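The following block contains the structure, expressed as structure tokens.
Going in written order, the chains are labelled A, B, C, D and E, and every chain counts its residues from 1.
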Amino acid sequence: MILSILTFLPLAVGVLVALLGPDRQKLGRNLAFATSLLALAVAVGLWASFDNAKAGMQFVESVSWVPSLGIEYHLGLDGLGLIMVLLSALIVPFAMLASWKIENNPKLYFSLMLFLEAGLFGTFTAQNFIHWFLFWELSLIPAFFLIRIWGGPKRAYAASQVFIYTMGGSVAMLAAFLALYATTDASTRSFDFAQLAATAHQGGLFAGHKTLATAIFLGVLLGLAVKVPLVPFHTWLPAAYSEAPTGTAMLLTGAMSKMGVYGFLRVLCPIFPEQMQAWRTPLLVLAAATIVLPAAAAFAQKDLKRMVAYSSINHLGYCLLGIFAAAGLTDGSALFPNEQAAALNGVILQMFNHGLTASALFYFVGLIEQRGGARGLNDFGGLRQAAPVFCGLMGIALFASLGLPGLNGFPGEFLIFKGTLHLAERASVLSIPGLLLTAIFLLTILQRVFSGPLAGKWNGWPDLTLGERLTVLPVVALMFVFGIFPQLLTGLANLAVLQMLKSF
Amino acid sequence: MTTPLANYLILASLLFGIGLAGALARRNAVLVLIGLELMLNAANLNFIAFWRFSPHPEMLTGQMFVLFSIAIAAAEVAVGLALVIAIYRHRRTAQLDRFDSLKG
Amino acid sequence: MESIVKYLWLIPTAPLLAAGVGALLPRRQRQLGAGLAIGAIGISFLLSCAAFLVTLHSGRVSSNFRWFDFGTTSVQLGWVLDPLGAIMAVMVSFVSLLIFVYSLGYMAKDENFKQFFCFLALFAAAMLGLIIANSLLLFFMCWELVGLASYLLIGFWFQKPSAAAAAKKAFIVTRIGDLGFLVGMLLLYAKTGTLLFYDNGNGCLDQTAVAGLVASTTISLLIFCGAVGKSGQIPLHVWLPDAMEGPTPVSALIHAATMVAAGVFLIARVYPLMTPEALQAVTWVGALTAVFAASIAVAQNDIKRILAYSTVSQLGYMMMGLGAGGVAVGMFHLMTHAFFKALLFLGAGSVIHCCHEEQDIRELGGLRTRQPITFATYAVGMMALCGVPLFFSGFWSKDAILDATHHWNGSPIPFYLGLLGAFLTAFYMTRQICWVFFGKPATAKAEHAHESPPVMTVPLVILATLAVVAGFFGTPAWPWFQNYLEGGQVGFDLSKLMNEHQLPLMLLSTALVAAAIVWSGWIYGRAAARPTRETDPLEVAQPTIFVLLQNKFYVDEFYNATVVRLTAAFAKFSDWLDRVFLGGLIKAVCVFALVLAWLDRALDEALVNESFDTGTETVRSSGRWLSRLQNGQVQRYLRIIGVAFCGLLILLLWGSR
Amino acid sequence: MLNEIVFLLCAAVTLVGAVAAMMLRNLVHCALCAAGAFAGLAAIYLQLDAEFVGFAQVLIYVGAIAILIVFAVLLTRGGDVQPSAATTSPSWWVGLPVAALVVASLIGSIMASPRLLRLPTPNVHAPVKQIGEQLMNQFVMPLETVGLLLTAALLGAVVIGLREPRKTESNAP
Amino acid sequence: MLAWTIYISFLGAAVLMFLPGENPRPARTLALLAALAGLACAVMGAVDCHSHAGAGALTDVANAPWIAELGIRYHLAADGISLALVLLTGIAAVAGVLFSWNVENRSREFFALYLALMGGVYGVFLSVDLFLLFVFYEVAIIPKYFLIVIWGSTRREYGAMKLALYSFVGSAMVLVGLIAAYVVAGTKTFDLAELAKVPFPPAFQNWAFVVVFVGFAILAGLWPFHTWAPTGHVAAPTAASMLLAGVVMKLGAYGALRVAMILFPIGLHTWQNTIAVLAVVGIVYGALVALVQQDFKFVIGYSSVSHMGFVLLGLMTLTQIGLSGAVLQMFSHGIIAGLLFAVVGRMVYDRTHTRDLEVLQPMNLNRVLPFAAVTFVIGGAASMGLPGFSGFIAELQILVGAWQSFPVFGVLAAVGILVGIAFTLRVLLKAFFADDKVEARPLTPCPRISLPERVGALLLLATTVTIGLCPGLLLDFITPALNSPLMQPLWKAATR
């Protein structure tokens, strides 16, 4: 019941806020923010009552929905889901605070944020494909409007692109799943993730249809790959992230991009182990490309938001690398449980931590843009002199992003490479330059924006206000906390990973 | 009774032809109406003649038909003439070729 | 014993806390911030000394804990107390302490004074953490933090674009090595299943002893990559001279005594893992670096840059010592070098500080009389560095290295390279001394120089003392240091000094050094005395070579032309791939769909609709044509009826036949 | 034989009347000739032993319809007074061959069936009473209908023939 | 109970015809009452039917001899499929009246014709005597013509005539087929259930199926006989286009399923692939053409072609799931297309007097008409087939069915969905969310969205969301109906 409440609370309040009169903008905003805090409290409560030692789903709710189609209202939470729920619940209030000063119809903006939050919660708790897909799509519509209405100058293009792209992927995925459903033997037909995985494990899916199986696999892969994104399906992302308003970009990168990775873990790998194995090499190459190419491309950008957007792709590339390396090792004898577990734990850590870090980075870039009216890499200089606190906190976020030990980025990347270096040596060696390129462009940001002589026109550049400090300090504090105590997350994730590995 | 049926029929044909020729050739609506009446009468003659020479003349069907026909013809003439007069009033003419309201 | 291990973690944590608290302090709390940092490093120093004392009597103790779990295992971290770490900790915390104190004076006028101490404390914490780490992972983490701190400190004067660029360069170049280190570490992890050094016989270093484990050459070399980056060995040395953009105490701290030593310390730490092949590589790299950097130093004019190249060169010696002679040889030079190089840097700082930030040695001169204490201590440092016999620590440590390479069975060349390096070292140090302290002041800045405040000179004096004294702990006659590290008993035996191996070598090196000093003093002593100092005598003599050296063998230019440009090109390519190729592909699909859509629309309008319209129009026009028969003439209708009647009749009559 | 002669006489009267009615210029004459033709037909009916019909013919056609036609002719005389105007329609030359064709085909078909000439002439006795009985029994529905029709036609004729309401007059020039 | 839907509609039409005066208020009130009563009857009938034991199977509603000599009976009956469509008709009727609230011109006649149309549609859905069905089918066509020709807009005569001609051509084909079946069967009955038992000779089935199926499918917008749909929709007044897209197109699909497919299963089997190809072409083609239209209503019109393609594809899958999806899609499209047409025709066009997207673009309607914008967003989302709306479940089932029968078409249909998303997005952006940095053109102050419009829109939205979230409500009718004895010949043909 609690998961339903968690999912529908933002939805209901979102509708309520949207229905408020046009002169109650502030009330709507405050209500939405309070709701997001409440959701965060619920999520933390879930964490507190989560049984770390119990494998499998917890807080399960299962109600038959459309029995004739095998559609169930099936909610459940394992460590992975819980981490994602926590992340979403954390990012949403952060993003709302970042959007606090939106002037154009804030009521609608905040209600859309709540819809998005509901979509995220739903996606991360659903255990049935259709149910999952419902929320997967639900999150897209508010994202679209958030970009479309409140975005930057090229928002029309960006919003349409993100929508069409993602929908294209979704349609492919849906079609693939329907094909899967249609071609499965009637007795084992299901949309339930766990059941599908079990059937796949017994070889009950598309027995004998090699081509069909590949087609279905590729369809699902496309849907997830666009969302994450996996090179070469990423071209929508820089435009979307850089045109989106700050709060939305934070949500997009912080939580929504995780939906794709989550999908890989929850859907693709357990249900298509054989295909993952067959496609391992190309996928690994693509993952390496996802790490290296965007990092290099970020280096060539002149726009801070685009740089951060590319860095986001790059970081998600590590997740994909970890997943692809750990999955598809089904031939019994060659299992490396520890390495696989390391990689997957790393992936989950990276998902969470990248969510924190990237949203913080977008927050800072948004502040820069808000203050300076520009966000070109070369538009600034020497800001550290005018705004030391700003620089310091943003520096922390940047270093967290490049994986400095002691900050949250490191444990994930360490574990991922720990796993992949053993499981997929060449791909991970190929990806190593990504770490370097990341460092280069992140430091370039620090160098160009904050160092050097302070340009005269930025003389009165205001440092972080109290409100902004209060907004960002918890997040920065969490960066330290999760960098120093990764056990907080791995403790949750590890059992889920072990469970997952059984079906990989 | 030696006059054969054919004679009556030929008479009726001629009468019909005359009526038809009149109806087709004359301009005046009243004369066209007269032509129609002649044709109607030719038909009546046929009815009577066939009745007369039918194997069961006691059935009287031919006579009955003619009687009704005459009655209807009376009605027709009345209405027709009224129409002619009405049209005449409207158009100041009774020449048929001036009327083309029926044109499609 | 147990208790000190329990509190060992305080050694890095104290400065870390100082850094953390200092960061949160408001900017105007200058004294509090500095006091915190100095107090913390003082605590660390005391603890280190205590730990050091403990290690004099007992062996290695470690304490480990679980960091986090994954799969069925967990990642463990821990700290260890052994002679190697303890002596290093003492040295680092002590030098740090001195430099902290020195900075009080040097940075007194800087507006970010508090921040500076905060960074210094962070740096010390990271370095100390690295030293006591009992896990390669923790070692790596601290190693990275050292990198961060050096980044912050090099770029401390962030208003100077060159400083910011140097900081970035330092971080990135060392990170190249770090990535190798990371990969090596992960490979090692996969091989051993643990990253702990010592864990009751299960740590990876334990296993070398117990189970005879030797990491593969690949792993060793990869780990060595980290050391190459951090310790500025060829080919990753380029960042170190640029790093002189930072304040001088930073240079002293980071690039003389501690941070660059971390690389050497790393090799020393994982020494049991290194394969002979890897050690060969270490030796070669060290030897080449030693000569390479020393030759560059000959032609530099920046006082700190000369010292920086000297550092690189000396680090090469340490590597050479490690590779050829073992932990003790390398570590001994590390120790002595730490003292005299810190001394030299601080002395240089004193000169710079008092000459209004003038760093060009050609612009100085005649400071001997204006800054007597500085000159004296600097001279001590110089002689230690050059390896002036008997009384200066550098002599002993360098001699140990030369001895080791002499006996090395890999190749004789490193030995000769080492000798060449020693010669060059003496040469450029004499050149520097001559330019800076002798002759006449070249500029008004030098003219008006005065001695530094005591807060700066006292550390100089202390360091000078140590630069002399430290050498005596590792003479062949009394190899206390070596025995301490290797756990043997030590005894005084003068005969070892006089045996047939040591003596000729000592004499040879002494002769070389003396020759270099005399030659260089002869050239530059006269040049310094001249009123104008535009051209260097060497440049007059050998312009080609001098320009080549002055431009550091064009290594930076080479990197710029290749690596940097390639990276930029790759970035451009990726960007192009994104924007033009993939974007174009997407656009092509869209355009295709739109073209199809327009085609369909045209088809609908032209074909489907048109055929319907034409069809209906045909029906209608034929109807219109037929309707011409209906001209409203009743008589015509009648005629038609008549004709039709006839037709019908004829048909009936004749058709029925 | 007598029969033959009577028939021929009557036929001649009828045909001549009809021809005259269709050919004369004066419309009143035409109407009168038509009445003559109707009368001739009535005689033929009598000869064919259809007395009731014959008398009905005389009463209705000769008595009523002919008079009506005369009235109509008189009423529609005002408009085209110019006597020079053609009395035949412009395409009369088409009408005559058509009529001729029709007559020819009819007569041809009659002649083509020789059985018609040999039909016996049964004796008939068709008293008026019998006709009345049949009308009241077997044909009562048509009779009533015809009555209704006649009434409606008369009413209609009256309505049509009445002067139009003022409206149209005022519209007229 | 269900029969009253027909009677009430015709009764209402008759009463409206004789209503005195020109005042529109009583007319529309009466029409609303009649539509509501119809809906109430439909709902009650559905509930009633649901409570029966054999829910979904064919249940008699009325059965009386009509033309005894020919064996024609007045036979009404309902099964799950017809119930779903009757419900749809009821809802669409109410919404249509609500969205016609502003009809002032000859409103009496308007609503009378409207109700007559409804009556005809109800009749078609409830008849099982094919002759009766045909009669109702024709009855539905006539008012449609007049509604368009009198109250329509752009090129209304053309649109109306085109619609009528297509319909009549279709019904002529149907009539030919029906009479042929009657004659060939020789059982002197037009009863569907009886005729379904007759094993028609295969050669006969092969041509009769095409004639009857295409005859019906013309009205369902089968490509390439679809162009009446956009033209007619554009020409029609709002309520008429709502009904046209919402209900009348379903008549065709319903007839195709009920008559052609059940009577001639062998013919169906022969033509299955061909028609499936046409359906898929319709899906993609309609969507593509909609992508490049300038007229707002044309876009929706072509989207109907695309969506009806899904219905036909679902029918052609000859699988339980595909057919059930097709029926659900009929329902769903009826609601969604009605909603979209309501937004376009009533909310936007009646206020701005233009449907040209280029003209609408600078008006930035999401500011001026936020309710319309939100409605269109949700409607558009439903039309795209986003989950949570009825269209999703329907298209999902159809795609599953298509995957089982023709995998390639499943892929193509998915492409069609994608193009559908693209054009919906395009029209949404152009019409409502154009760049507001462009100075909004001064717009004649447009009245706020009135209460009836809101109620109507909410009714339709609630329906699509309800069915989207609880498709079981309808599937509970549809699934048993598909299993009823009536459908058995179909399944036999499918397994052949």
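In this text, a contact is a pair of C-beta atoms (placed from the backbone, for glycine too) under 8 Å apart; a residue touches a chain by one contact, two chains touch by 3 or more.
This one's a predicted model, so the numbers in the text were calculated from it and none came from an experiment.
Which chains are shared contacts of subunit A and subunit D?
C
By the touch rule set out at the top, what is the minimum number of steps from subunit C to subunit D?
1
What are the two chains with the top count of C-beta contact pairs?
B-D
When the C-alpha atoms of subunit A and subunit B are each averaged to a single point, how far apart are the two points in Å?
Roughly 98 Å, centre to centre.
Find the geometric centre of each of subunit B and subunit C from their Cα atoms only, then give the gap between the two centres in Å, rounded to an integer.
Centres of subunit B and subunit C (C-alpha means) sit 126 Å apart.
Rounded to a whole Å, what is the gap between the Cα centroids of subunit B and subunit E?
Roughly 58 Å, centre to centre.
Using mean CA coordinates as chain centres, what's the subunit A-subunit E distance in Å?
Going by mean C-alpha positions, subunit A sits 42 Å from subunit E.
Scan subunit B for residues touching two or more other chains and write them down.
20, 23-24, 96-97
Spell out, as numbers or ranges, the residues of subunit D touching 2 or more other chains.
89, 94-95, 98-99, 102, 106
Touching two or more other chains, which residues of subunit E qualify?
Residue numbers touching two or more other chains: 422.
If you go through all the chains, which pairs of them touch?
Listed by label, chains in contact pair as A-C, A-E, B-C, B-D, C-D, C-E.
Which of the residues in subunit C come into contact with subunit A in the complex?
Going through subunit C, the ones touching subunit A are 23, 27, 66-73, 112, 115, 137, 140-142, 144-145, 148, 151, 155, 158-161, 163-165, 167-168, 171-172, 175-176, 179, 182-183, 186-187, 189-190, 193, 567-568, 570-575, 577-578, 582-583, 586.
Okay, in this complex, where on subunit E does subunit A touch?
Going by the criterion above, the answer is residues 321, 324, 377, 381, 384, 386-388, 392-393, 396-397, 399-401, 403-404, 407, 410-411, 414, 417-418, 421-422, 425-426, 429, 433, 435, 437, 470-472, 475, 479.
In their shared complex, at which residues does subunit E touch subunit C?
It is residues 161-162, 165, 224, 226-227, 231, 285, 288-289, 291-293, 419, 422 of subunit E that touch subunit C.
Write out the stretch or stretches of subunit A touching subunit E in their complex.
Result: residues 65-69, 130, 133-134, 137-138, 141, 145, 148-149, 153, 156, 160, 163-164, 167-168, 171-172, 174-175, 178-179, 181-183, 212 of subunit A touch subunit E.
Which part of subunit C faces subunit E closely enough to touch in the complex?
593-594, 596-598, 600-601, 604, 608-609, 612, 616
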